[in-house]
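Across the two complexes that follow, chain A remains constant while its partner is chain B and subsequently chain C.
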Partner chain A sequence: MNFNSFTFIFLFLPAALVGFYVLGTMQAKASLKPWLLAASLAFFAAGRLQDLPLLMASITFNCIVATRLTSFPDRSRGRCAVFVLGLSGNLLFLAYFKYKAFLVALANQWMGLHLAVSRPLFPLGISFYTVYQIMLLVDCYENLAQNYNWRDHLVFAGFFPYVTMGPIVRWKQIVPQLNGSDFGKPRWDNLARGLYIFVIGLFKKVVLADSFFRWSDAGFNFAGSLSLVGAWITALAFTCQLYFDFSGYTDMAIGVALMFNINLPANFNTPYRSQSVIEFWRRWHITLSNFITTYLYTPMIRGMRKVSFGRMMLVTFIAMLITGFWHGASWTFVVFGSLHGLGLVANQVWKRCKCQMPGPIAWALTFIFVVITFVFFNSRDLSQAGEIVRSMFSIRTAVFSYEPWLGIDRIDQAAGIVWMLLGTFILYRAPSSQTLQQNFRPSWVTVAATIALAAAALLYTNGVVSRSFVYRDF
Partner chain B sequence: MELFLGASSTVTSKQFLVYVATGVLSLAMLVVSFNMRVDMYGLFRPAGTRPLYVFGEERVAKYLHSFRYIRENFDGVLLGSSTSAILETKQIKGYRIYNASIVGGNVEDVKPIAQNIFSDHRVKVSFICVHRYLTNDHAQKTDLITPKQYWSALGSPQLLTAYVSRIAVDLGLIGRRYDEYGTQYLRSEPDTETVQRNISDTVRAIQAGTTSSGNYYIDPIAFLHLREVIDLARRNSQQLVIYFPPVPAPVLAVRAPEYHSYRRSMDTLLEPGDIVVDFNAPGYAGLRQDVHNFVDGSHLSQAGARIVLQELAATLAQTNLRNPAITAAKTTF
Partner chain C sequence: MLNRLQAIFRDVFDDPQICINEGTCADTVPGWDSLTNIQLIFAVEREFKVKFALGEIQELSNVGDMISLIQKKQQCAA
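Now for the complex of A and B:
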């Protein structure tokens, strides 16, 4: 089940909310968490039933490890051993279910083996729930997960707004809210604010992202014969599609969680306005950036006997390489991560030199860099990415060819262009979803805006071009 | 900016929720009622005397027409890809044949249309244009042909596109692209010199292996699906006419062995009683050699389409509706 489906919007979400608040008002507070857990498991099962056992196995394993961790005294050997076991278990779990096919193909290629390679879909949400449970184990080990108990762990790890695609959350961000006095009490302001943000996210996804998708998809399918302008249109269309897709999903997740009186951390803050790669990662997939900084970069730096600028840059590069690989088991993601690693290193060196650059030039360079890296992100292999990037900087072929988009009806193209112009305005001029959420006050204007956005979004949801989320398969 | 920040606070959160829910629900009901009343695709009530045209996406319109409009208003159907899209079926005397050919469509696009038309329904005659493109692969070219499309006729971007297209046609801003029988109008044709160049280019590209024009590969799954389509049509039609569209003589010349092998495979789908016309048989050499009958290496010109249609109509006229066991010559190559 996706957030952008009628089943979710008109059946699942209302039913989950009604049950939640009925239990809340009946003073049946003890039933609230089981209700949320049941709703979450139902949501996950409706998404991909065959992956539910994996989620449950992961949660059970981490519950046992975290419970054991908290039972050992600080800095004891047992605590350390359990922690290493837990970490290894999670990494092996991820490696087996997400990277097995890639690693086997690699072994076949490098070691001349002939092992069978099967490429099933990645288990739903595996990258996300594994990462935030690793964070939980680290927090337990460091005594940062206060009042840990396995009942809260079940709800924390399975909560449906973020279990499949994030945001990546920490124990301390969620669990205190589950145990707060407001939990389960109907809060009309949260419901209104949540609905408002949910509708904005739905609009971003089904109207804007899916409109950009038609252009980017047609372009990527013509990768081998794109013209210079065609290659740029393709790359730019995907850059916008990815932002509206993922930030739209995040807005919906934040909106849904808010309806249950849970505040989720923000994940995007107008990233395409960044004037450097460093700034980009502060504004793009913020919860992942926080994870990289806190749980990858910092421990690696701490582990060094002597910290130098060079070593810090090496660690930065490695952290981004891992980040790229986290996105998917493919060389394209390795290149994506490496490019961003190199971008960050170059940016740090530039800062160290105390060089200045005019804002518009800095913005243009950053944006072009991001656009190029996203070509690797969306390509099925390196040769496809290479073809598009080559076309972006080659004038050997025609400057413009209309061929890739011939399959889209002219009127659809016109409508698509209107939405894309609106999308571009939102990217560069409109306030971020965070600002909108913070400044939200119920008024006739917001009522009208919400109805208009919801009507357009529902119309598009009913269209057959409505698609799943890009990050759903990560 | 006020729109985004919601400055003028005059309602409570509870009122906000009620107004939004009521507003969205009312708007949805209005849109659905309007679309059911207009009924662009003849889904919700009989089309009666009003002809329904293809507006917007061809795949969407023809797929939705196949639910009810074609079944209730036509004697038969022509299934195929772009090679049969301009065949003016309106000209076939004595029958109302809907041209359900899909431009750029393969058998995966044709199959759902056939399933809709033939489910619990029998037609007088079915034509199937068997072109290599139908079975080159089994991937649907778009995700537009899906059962979900039925409900999108109550309100969706595709429907909006169709409305805009219809308004533009009604206002004379753009020309009509299809007739009420689903036949696509061929607006302009290239001159003879251009066609000759197109055909020569195709021949060169085939020889260089840089085009799919001469690709007679048969995808096994697509082949099975074509068998299903033909079986379905055979079971639910009083007569079934299968034809192989003409290929320009120079193009056929460089792919003769492949075409021969392709035909042998396709013959396994045929049964006694099927009327089969192969426009690549020796008897139609004149048709294939005349450059005026084509616009490029695969598609017919209007003149070519007229000849093909006349031949199909004549073949049909020779057959006896009461005795479908017509011995249509399985033309040999």
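Now for the complex of A and C:
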């Protein structure tokens, strides 16, 4: 079940909310968390039933480790050993279920083995729930997971708005809200604001992202014969698709959680307006960037005997390489991460030289860089990415020729262009969803805007085949 | 404490004119990114002889938070 499906919008979400608030008003507070957990497991099972045992296994393992961690005294050997065991268990879990096929193929290629390679779908949500449970173990180890108990862990780890695709959350951000006095009380302001943000996210996904998808998908399928203009249209369409897809999902997750009186952290802050690669990563997938900076980058630098600029740059590159690989078990993601690592290093060297660049040029260079790296992000393999990137910079190919999207129906083309122009306006001029949420005031204008966006989004949900989210496969 | 922190900021950002207050944050100081942030953290840890937990570093949103955390750490150590 996806957030952009009728089943979720008209059946699952209303039922989950009604049950939640009926229990809340009946003063049956003890039933609220089991209700949320049951709803979360039902949501996950409806998404991909066969992956539910893996989620349960991961939560059970981490519950046991976290409970043991909090029972040992500070700085004891046992505490350290349990922490290392928990961390290794999570990494092995992720390596086996997400990277096994990639690693086996690599072993076959480099060591001349003939092991069977199967490429199943990645287990749903594995990259996300593993990461935020690792953060929980670190918090337990550092005594920062206040009032840890396994019952709250179950709800924290399984909460359906973020279990499949984030945002990546910390215990401290969620659990105090589960135990707050407001939890379970009907808050009309939160319901209204949540619905408003949910509808904005739904519109971003089904109208904007899916319109850009038709053009990017047509282009990627024709990777070998794109003209220079065609290759740029393809890459730009995917860049916009990815933003509206993932930020649309995040808005929906934030909106749904808010309806249950839970505030989730922001994940995007108009990233395509960035004027440097450093700024881009402060605005793009913010919760992942925070995780990488705090739990990967900082310990790696702390572990060095002598810290120099060169070593810090090496660590920056390695951290981004891991970030790329986290997205998927493929060479395209390795290249994506490496390019961003190199981009960040180049950016730091530039800053160190105290060089200045006019804002519009800095923006253009950053955006072009991001567009090129996203070609690798979306390509099925390096050769497809290479074909598109070559066409983007080759003067040998035709500047403009017959392009695959000319085959798209003319009415769809016209509608697509209208939505894409609107999307481009949103990218560069409109306030971010975070700002819209903060400035939300119930008024007739807000009601009218919400109804108009919801009507357009539901029309598109009904009219076109529902597409899954890009990040759902990570 | 603010004066000692200011000296650290001026050194890390290589800017002798920089002036900080409790509300100073990454958005108000040009060049405050993950690299300078970690340099700041290490310099503060050295200066005040404290060690921040990873989760605590993530929670620091401005200089005021940093001062509160240093004071908390120093009280715990005393």
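As a convention for this text, the second predicted complex is superposed on the first by the 471 of 474 C-alpha atoms of A that agree within 3 Å, B and C clash if a C-alpha of one lies under 4 Å from a C-alpha of the other, contacts with A are read in each partner's own complex, and residues count from 1 in each chain.
Just so we're on the same page, a contact is a pair of C-beta atoms (placed from the backbone, for glycine too) under 8 Å apart; a residue touches a chain by one contact, two chains touch by 3 or more.
These numbers come from a predicted model, not from an experiment.
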Mind working out whether A:Ala454 is in touch with chain B, chain C, both or neither, as first, second, both or neither?
first
Identify the partner contact of A:Thr316: answer first if only chain B is touched, second if only chain C is, both if each is, neither if none is.
second
Touching partner for A:Pro299 - first (chain B), second (chain C), both, neither:
second
Partner contacting more residues of chain A (chain B vs chain C)
B
After the superposition on A, what does A:Asp139 contact: first (chain B), second (chain C), both or neither?
second
After lining up the shared chain so the two structures overlap, which partner does A:Asp189 touch, if you call chain B first and chain C second: first, second, both or neither?
first
Thinking of the overlay built on chain A, is A:Leu436 touched by chain B (first), by chain C (second), by both, or by neither?
first
Complex interface listing, chain C residues touching chain A:
26, 31, 33-35, 37-38, 41-42, 53-59
Considering the complex alone, what residue numbers of chain A touch chain C?
135, 138-139, 142-144, 170, 172, 278, 281-282, 290, 293-295, 297-299, 301, 307, 312, 316, 348, 351
Chain A to chain B touching residues, read off their complex
188-189, 191-193, 195-196, 199, 407, 409, 411-412, 415, 430-431, 435-436, 439-447, 449-451, 454-455, 458-460, 462-465
Touching residues on chain B, where the partner in the complex is chain A
2-17, 19-20, 23-24, 27-28, 31, 56-57, 104, 141-144, 146, 148-149, 151-152, 154-158, 160-161, 164-165, 168
